[in-house]
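Each of the next two complexes has chain A plus one other chain: chain B in the first, chain C in the second.
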Partner chain A sequence: MRQQTTAPIDQIKGWILAKHENRTDVAADEDLIDNRLVDSLSFVEFVFLIQELSGVEIDMDTLDIGDVRTLAAIQKRFLAG
Partner chain B sequence: MDDISYTAQWTAAVRALENERSDGLFRDEYARHLAEPRGFELLERYQGAGVSDFVAVRTRYIDDAFARILAETGIRQVVLLANGMDVRTHRLDWPAGTTVYEVDHGPLLDEKQARLAKLAAEPRVPTVPIKADLAGDWLEVLKSGGFGPAERTLWIAEGLLFFLTEEQAGRLLDTLAGACPSGSRLVVDMTSAALLRHPMTQSFLRRLREDGTPWQFGTDEPERFLAAHGWVIQDLRQPGEPGAGEGRWPYSVPPRQARGVPRSWLISAATADRPWPSEMVTVLK
Partner chain C sequence: MTTALIDTSERLRDVLNRLSSMSVEDYYNPYQVFDWPDSLPQEMWWMSPELTTTHGTEIAAELSQEQLYRLSKYESVNFYSLNVHGIRELLIEVTRRIHTDEFATPSEFFHHFIGEENEHMWFFAQFCLRYGGKIYKQPRGGAETIPPSKAASLLVFARILIFEELVDHFNSRMALDERLDDTIRKINRIHHQDESRHIAFGRELVRILFEGFREQATPEELSQVSDYLGRYMTYSFESLFSPQVYRDAGIPNPFEVRRRLLTGPRRPEFEAQVFRKTHSFLTRYGLIQAPMAAPESAR
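What follows is the complex of A and B.
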């Protein structure tokens, strides 16, 4: 695995795949919540990871769930630019 | 059986699966027989919120708390509140001289007794069924069943408080604190207030509402809530911490200072020294 050059979105995908050994890929538009790739308890760690990789502070109380529902949405909202 | 009794079958189903794991946190040989008819169906219906892992971790935490508290304090009067299809009376070792009171709905207690009788399962401790509704005057029924209000008591309220309103939960804790002498203990679990409003838990909470068993109460400040109702926390853990499923809980433990996080609390508490000054109660409330 490439260490320093792995794009943040791929690190997020890698985190999901590490928790779901039966999966080999996650599509950019796949609903992570409906498909139970992220559940209410892993969600906290998931949001901390996005926060860490993006440098954007995320308030759990005001977070719009739509912003983290797919890898594409995460890319657009937190990792673009 | 009423709806709350079906949730007793649900948690029995969790214990049945745990019993069948080679690395299970505890053994419960009876759980599979007590989970019928709806336990496994509900397990499927409510999956995805970490509830199964939580029930397993909670069961073991309370088993351990039992052994520790009874050994350390010499308390020999134990009251299990709405413990449903739990069979600690049959599966744990108890110090000589202990009496256990099980307070629950009559039909549920009868059903559990009938199923255990079929298995020829005998309790390992003198056990007194107290058929009463916790919303009614259950304490009088408990006393008439032999409970000694002058004797130090270990109360267990497992998987109970979130089904109550905040006011009911507070009143129950007040009642427990007032019904036993100083030096008594309480083992209880709660959920965080944030869990009840978190967007990720809403589908799970909606299913519970649809099934007539809504979760209604949680607190982000368990120390404060218990203190306002006569109890001082001696041990507070989140699942995944040492002594509370560390190594088994499949999630990271959120730091306490992180706000808005769905959590569960596993708690051992003791009666606050009484009489406490009324101004202190006011401040805590």
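What follows is the complex of A and C.
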């Protein structure tokens, strides 16, 4: 399943690409929600994956949706350092 | 178009009249009907073990009886929390439609429906807060997924029906399960009683809305509806598997546990049991065209 060698952000990208067979890449600044790469039915899985890979707990009541809108934002908020 | 179908269906009118009278006759005061003991016994099942997400899996085999009881407690609190969130969503949608031209005919029944759901939400929230100390949160967000636009009401009522049937699978079993505390059985029994009316109504309305939609829809739109409903069922089923629950039950690596359960050998069987009636209803009338959709966790 997940390989140790794959960076977390690439695992998130891989998860997105697996759901969208017509895509070959996702740009770091591409809006995942506006571009319908993450929809209401895949959002839960998406949030769980970010939590698992980052070890950061996400409280839905305080989550700033801007922090998960792009791969760059996810990297900065959850995966940096 | 659909309005005409709703207004002219004699069968729907009969169902609405019958269900509305039943609502009046069966009416109870939810604020008086429960005793709410200060606490419930910890050393027993809170949810029928067969209905817990780890039942019959290698994960359950690693847990002590005490841990299994504890897990069943948090699983039950998650289940009632899902009810709270699901009811909020359906109240918003039904309230949006009551006494509009399109839904004039079912509006009388909508009053019962809205009133009863408000009360269900109250007793489920009470249970969570009293015995679990919290209502589990549900991640919500992402792009809206409702194709095509003229199917909006159809999909709203189909979603409500799927959700109510999923819940009823659990309620109807737990209501009769003598391994459970009386308070737990009662909450499930009372909800099951009201939901049998809601489900009977939902099936009639969804059938009619789909009839109207199908007359105008392209094959592509029909398959979009089918895909959406399949994905919605998968999503609803997977929401029973909560990493927060596994963590609260003291199980390490909760995200990994969730993934193992969702990709494990028991999942398809459990999912088929939960949606047996729903799936056969939706395929019989052509809303769903294929076998069960691929799991969201594996897409």
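Methods note: the second predicted complex is superposed on the first by the 79 of 81 C-alpha atoms of A that agree within 3 Å, B and C clash if a C-alpha of one lies under 4 Å from a C-alpha of the other, contacts with A are read in each partner's own complex, and residues count from 1 in each chain.
Note that contacts are C-beta pairs under 8 Å (C-beta built on N, C-alpha and C of every residue); 3 or more make two chains touch, one makes a residue touch a chain.
Keep in mind the model is a prediction, meaning the values are calculated, not measured.
Looking at the superposition, the partner that touches the larger set of chain A residues, chain B or chain C, turns out to be C.
In the overlay built on the shared chain, the residue A:Met60 is in contact with chain B and with chain C.
In the superposed model, A:Ala18 lies in contact with chain C only, and not with chain B. When the two complexes are overlaid on their common chain A, residue A:Glu52 makes contact with chain C while staying clear of chain B. Of the two partner chains, neither chain B nor chain C is touched by A:Arg77.
In the overlay built on the shared chain, the residue A:Ser40 is in contact with chain B and with chain C. Under the contact criterion defined above, the residues of chain A that touch both chain B in one complex and chain C in the other are 33, 36, 38-45, 59-61, 63, 65. Chain A makes touch with chain B in their complex at residues 33, 36, 38-45, 59-61, 63, 65. The touching residues of chain C, when paired with chain A in their complex, are 137-145, 231-232, 234-235, 238-239, 243, 255-256, 258-259, 296-297, 299.
Touching chain C in their complex are the following residues of chain A: 1, 18-19, 33-36, 38-48, 51-52, 58-61, 63, 65, 68. The touching residues of chain B, when paired with chain A in their complex, are 48-50, 194-195, 198-201, 204, 250-252, 254, 258-262.
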